[in-house]
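Listed next: structures, encoded as structure tokens.
There are two complexes below, and they share subunit A, which is joined by subunit B in the first and by subunit C in the second.
== the complex of A and B ==
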């Protein structure tokens, strides 16, 4: 029998919020196991008549998960960044950014008339933590172009100023 | 550096800790670290948090960035500051150049 009493059960909050489809992939998950003690057969009845009763124990087995990036979430993220040419993981929405850095990138993309998918990481803390691992990048915004991590705000601004961003986006949108 | 060094480090301001971590690892010829947290106080992600020292601008000129893409350079800086990022450092604006890139045009 294995019990881990230290960590709380791992739960992910279900948030279904259109139009961002990614949130509907993060589901509530709890893990349980059961243990069953078996009644010994009659040949093993002891002379002092100790009877064992079968016990159905339902124990909450907890998994200490140090990674927010579950395989399911990873494959969801893979799908999101490959099915959309330009994806921005940001704080707030593209119409209501909630952070200056995120807003800067939104304004740059809007000024270039580039269609892009914007995903609000403030909505979902598990997603927020998972993305930091997924991108090996600890901050937001995070810009993906054609399935590859491009950079955060500083890198996007620099590339916009030297024209590299426009070049890359044009290639992405036309391909 | 033993635990004494770690305890001493914790007593320093975040800016000092950032400065010393980057300086020692990157042999920076130019290193500027500015705490701009007050410019971001009140925005969504830090609202309600009692942490100061949440947003910094960092400018580093280091030969170790030679041949590295911008993303790689930023990742190097983030990795060096991983502890800070786990303990309340919220955002970093990074300018990462090599000495060659900062030479004035002739």
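== the complex of A and C ==
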């Protein structure tokens, strides 16, 4: 099936991805998180990841058991998933998904005309690690509907095929 | 590096005692991508999300090296039987 052929389109997309999309995406996420977060330092975590990353990598190799999910990040995530009815944590952006599984879920949501917030976890490794704990889910994409973890790609596909996803999203959008 | 199909199978067998199990390595040899179909009594009364969580938990160690795990089916023996019968009657028709 096409959703499994992740590797080849990935390289193509990486090469053809215009640099401007990265910036516009970062800006978009910044707006989202800064409007949601109470403390300005939460925004910091999302936007200045380029500067934080080397430091984080060292920390994660020395203190393996330490949690990436800080209380501050947890409360930011709580706000992100409750303020937006549909949130997709994915690899890449809506327009440039970087993985076949993320792409599958984006296409499903787009086909259902559901407004959704997409957050690129490749932009921030700390967020990526923290979300695995936050959702108790080891992989991406991760779909949240009305503040609740709905599932990854397989669950979303199955629920789309049997109509449960449409039903749930309809309720979510109308509520 | 990588995980073998056998490792995935033995972890799933040990933790979920499946009555039917099909694991395929879709990585093309590097052992980083698998597709799983599993039938187990332990799924009884569990929602799809919980079932997937159980499979993920059973493969916790392996997941560190697996990049893509596609869980195609998580069924109870009863559901599996129904599906088999449905498929048979469909192919006979």
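Keep this in mind: the second predicted complex is superposed on the first by the 110 of 175 C-alpha atoms of A that agree within 3 Å, B and C clash if a C-alpha of one lies under 4 Å from a C-alpha of the other, contacts with A are read in each partner's own complex, and residues count from 1 in each chain.
Convention: a contact is a pair of C-beta atoms (placed from the backbone, for glycine too) under 8 Å apart; a residue touches a chain by one contact, two chains touch by 3 or more.
None of the values given here were measured: they were computed from a predicted structure.
In the model built by aligning both structures on subunit A, subunit B clashes with subunit C. By the touch criterion defined above, A:158 lies against subunit B and subunit C together after alignment on the C-alpha atoms of chain A. Residue contacts after overlaying the shared chain place A:91 against subunit B, while subunit C stays out of touching range. Shared-chain residue A:167: touches no atom of subunit B or subunit C.
When both complexes are overlaid on chain A, the residue A:78 reaches neither subunit B nor subunit C. In the superposed model, A:125 makes contact with neither subunit B nor subunit C.
On subunit A, the patch touched by subunit B and the patch touched by subunit C overlap at residues 101, 136-139, 149-155, 158.
By the touch criterion stated above, subunit B contacts subunit A in their complex at residues 40, 43-45, 70-71, 74-75, 78, 82, 85, 90-95. Every residue of subunit A that touches subunit B in the complex is listed here, in rising order: 91-92, 98-101, 122, 136-139, 149-155, 158. Partner subunit A is touched in their complex by these residues of subunit C: 26, 33, 35, 48-49, 52-53, 56, 60, 63, 68-72. Those residues of subunit A that touch subunit C in the complex are listed here as 4, 6, 101, 136-139, 149-155, 158-159.
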